[in-house]
Amino acid sequence: MSEDLYQKGIDKIQELTQADDDNPTGFMDIGEAFEDIAPDLSKYVVEFAFGGIYSRSGLDNKQKVQATITALVAQGKPQIGMHVKTGLSVGLTPEEIVGCIMHLIPYVGFPSVLNALSVAKEVFAEEGVSVKKSAE
Amino acid sequence: MSEDLYQKGIDKIQELTQADDDNPTGFMDIGEAFEDIAPDLSKYVVEFAFGGIYSRSGLDNKQKVQATITALVAQGKPQIGMHVKTGLSVGLTPEEIVGCIMHLIPYVGFPSVLNALSVAKEVFAEEGVSVKKSAE
Amino acid sequence: MSEDLYQKGIDKIQELTQADDDNPTGFMDIGEAFEDIAPDLSKYVVEFAFGGIYSRSGLDNKQKVQATITALVAQGKPQIGMHVKTGLSVGLTPEEIVGCIMHLIPYVGFPSVLNALSVAKEVFAEEGVSVKKSAE
Amino acid sequence: MSEDLYQKGIDKIQELTQADDDNPTGFMDIGEAFEDIAPDLSKYVVEFAFGGIYSRSGLDNKQKVQATITALVAQGKPQIGMHVKTGLSVGLTPEEIVGCIMHLIPYVGFPSVLNALSVAKEVFAEEGVSVKKSAE
Amino acid sequence: MSEDLYQKGIDKIQELTQADDDNPTGFMDIGEAFEDIAPDLSKYVVEFAFGGIYSRSGLDNKQKVQATITALVAQGKPQIGMHVKTGLSVGLTPEEIVGCIMHLIPYVGFPSVLNALSVAKEVFAEEGVSVKKSAE
Amino acid sequence: MSEDLYQKGIDKIQELTQADDDNPTGFMDIGEAFEDIAPDLSKYVVEFAFGGIYSRSGLDNKQKVQATITALVAQGKPQIGMHVKTGLSVGLTPEEIVGCIMHLIPYVGFPSVLNALSVAKEVFAEEGVSVKKSAE
């Protein structure tokens, strides 16, 4: 019945992660590791989060991933890394990702920002991207 | 010595709030109400937050205000309203502002989002803007 | 397509709030106040939160509402009152609701607990219920 | 003077952890590791948390541990694992523990829930319990 | 049995609030408003918080109240006002109280600090104290 | 232009960490690891946090570091360790540091306090200091 919504979610994940049909959820963690204890979790992630919220109109993908990263920095969640990777995948530049984390200093303080930059730096290294020096 | 930085901050605030020299800080709360107990507070707000962080390269003003709103929603802070107003001032559409708040449901839960939408709705009414219905 | 899920959510809300078909969502706030700015919000509340999560097996309704109240106390959210009312509706005794809030002192500290008890006390007064004195 | 309260706390811990007099605090961390820097800490844990709060009437042990787990998930604290173990010890089924964590998605978001499920899954593996598949 | 501990807590509250035996808990909220729904709450506040934690050696009263205020600012709790009043009562100067709130900007961000300064300013007005201008 | 402010920040860091000109920032993390992705970060840390906030009048260094530690405990941030080290450097006794963490139990709950004490204990071991037993 809600198969359409599930497929819509999978399509959105592919779009965000540049995954293909051989590996339809790409590097996105949809909670498959919990198949044995919470078999419905991945359905909620795919249908609600990606088929629903990530598929809303109003924001483009870059704005959506920026909002995700910001929320995770403000909360200090370990999922920051995966979404920094998604950010690069949808076309956020490293400067935009760093800019978005640095922008939060006056709102969440230095410690949360330093912790998030550590994670971003690791992902940048893994993905082989670097931040362009600007005159500012 | 840091007069240039203070002026840089005031200029940024004017840019963000479309204020003019007669009312240089527009509707932005820079902590002037605390002149008697913390006379240096407004200096930190103007110089560090606006002359420094808001003047960084990397993000445009719309992205910066979106990041601010997102962080405040994630933390449940009452300053959301002022920054929704700033968002409209820098050109975020009501759809983008609502989109940015709604996007956070999977990350911060419904209660924080409902509280933030109440504030946004009030600001939209005050500012006389409305959200366009989309087919979605 | 997902009309079944929407109806499932409405049925669950009726069960939780003892509402009837004349007032199908009872006292539950499903975000209808945001019809003009986020017309899809109430759909997510009804379908995902109530048709999905609240309809999971594993916990009975009393346990589900207890978990909701606990999470809201830990986060200091204003929705505590509505869910205390839901708790009474599904058969949690006032002693259980207070017990659940008091139990959190060692985990979230006194201030959050005092704030939550204020809200619970108001709802008890509105609903005309009182807490039985126990010898303890 | 408060020896009775200390003993009451130890008794409660034994009841919760199925410990015996040879190992009176079972697997419960009462802060004994801090004997050298905060020698009064374990007294507060035993007397106040267990002799006091955990010994209140109003909730049964299963409800108390459910409330503990919920609060820790909402806050993202590493103590979740120890209290999942306590949950199993007092008779919460794995389905109830998972149900209680999954129920929080609409209130705290997916990341906190995913992190908590990882911890629960590990404890289930250590304790050799598994979650029954339900038709739902 | 624990009457001594209760009295120890009351004595500490009197010391902190400069209350006398006619009004033994002074302006301190010990949860008496919840006598009807949680009759044991005030006992926990008096015995554990004041008879126990506030009576520990290691910090003087000024340091203890400073720590309390700091924690409440970091969490955004409404109890800040009562403890600012306690701070003045134990001899913290308005400069120290403001200094302690302002110091948190790099750790918790501007919004939490602005909210806390509003509350402190109100208490200073009620208590008729003012902050001395310093050359800094 | 703001070179004076930068130097003021470095001087403050040296004062706090007992560093000398050969290693001007001592053990303080000023974000130098992010030179490649956020080259302006260390400037903000030095100029704003240390040249500005830490150089305010109103509190002495011991009070400032106590406020820092308290805020980090309340938020559960991993920077606690570095600031416990700073605390010892400016003359806070181990008893004061532990006292400040223990004092937070009624405000933030046991789990945050236990986590912070673990970090403090490690730093005490590294620095070779111990907590004096008191009769209390």
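Per-chain numbering from 1; labels A, B, C, D, E and F assigned in written order.
Keep in mind that, in the parts below, a residue touches a chain if its C-beta (ideal position, glycine included) is under 8 Å from a C-beta of that chain, and two chains touch if they have at least 3 such contacts.
Quick caveat: nothing in here was measured; it's all calculated off a predicted structure.
Q: So if I look at the partners of chain D and the partners of chain F, which chains show up in both lists?
A: Looking at chain F and chain D together, the chains touching each of them are A, B, C, E.
Q: B-C versus A-C: which has more C-beta pairs touching?
A: Counting C-beta pairs in contact for A-C and B-C gives the edge to B-C.
Q: Please identify the chain with the largest separation between its CA centroid and the CA centroid of chain F.
A: The chain lying farthest from chain F is C.
Q: Between chain C and chain E, two copies of one chain sequence, what rotation angle (nearest 5 degrees) aligns their Cα atoms?
A: 120
Q: From chain D, which chain is the farthest off, judged by mean CA positions?
A: Ranked by distance of C-alpha centres from chain D, the top chain is B.
Q: CA centre of chain A versus CA centre of chain F: separation in Å?
A: The mean C-alpha positions of chain A and chain F differ by 32 Å.
Q: Rounded to a whole Å, what is the gap between the Cα centroids of chain E and chain F?
A: Chain centres of chain E and chain F, defined by C-alpha means, are spaced 23 Å apart.
Q: Provide the list of chain B residues touching at least two other chains, using ranges where the numbers run on.
A: Counting only residues that touch two or more other chains, chain B contributes 40, 44, 48-49, 53, 56, 72, 75-76, 98, 102, 105-108, 110-111, 136.
Q: So how do the chains connect up here, line, ring, star, complete, or something else (other)?
A: complete
Q: Contact residues on chain C for chain E in the complex?
A: 76, 94, 98, 101-102, 105, 110-115, 117-118, 120-121, 124, 130-131, 133, 136
Q: What part of chain D is in contact with chain B in the complex they form?
A: Chain D reaches chain B through residues 105-111.
Q: Within their complex, state which residues of chain B touch chain F.
A: So the residues of chain B touching chain F come out as 1-2, 4-5, 40, 44, 48, 52-53, 56.
Q: Touching residues of chain D toward chain F in the complex: what are they?
A: Those residues of chain D that touch chain F are 29, 31, 33-34, 36-41, 44-45, 49, 72, 75-79.
Q: Under the definition above, what is the set of chain B residues touching chain A in their complex?
A: These residues of chain B touch chain A: 48-49, 53-54, 56-59, 63-64, 66-68, 70-75, 95-96, 98-100, 102-108, 134, 136.
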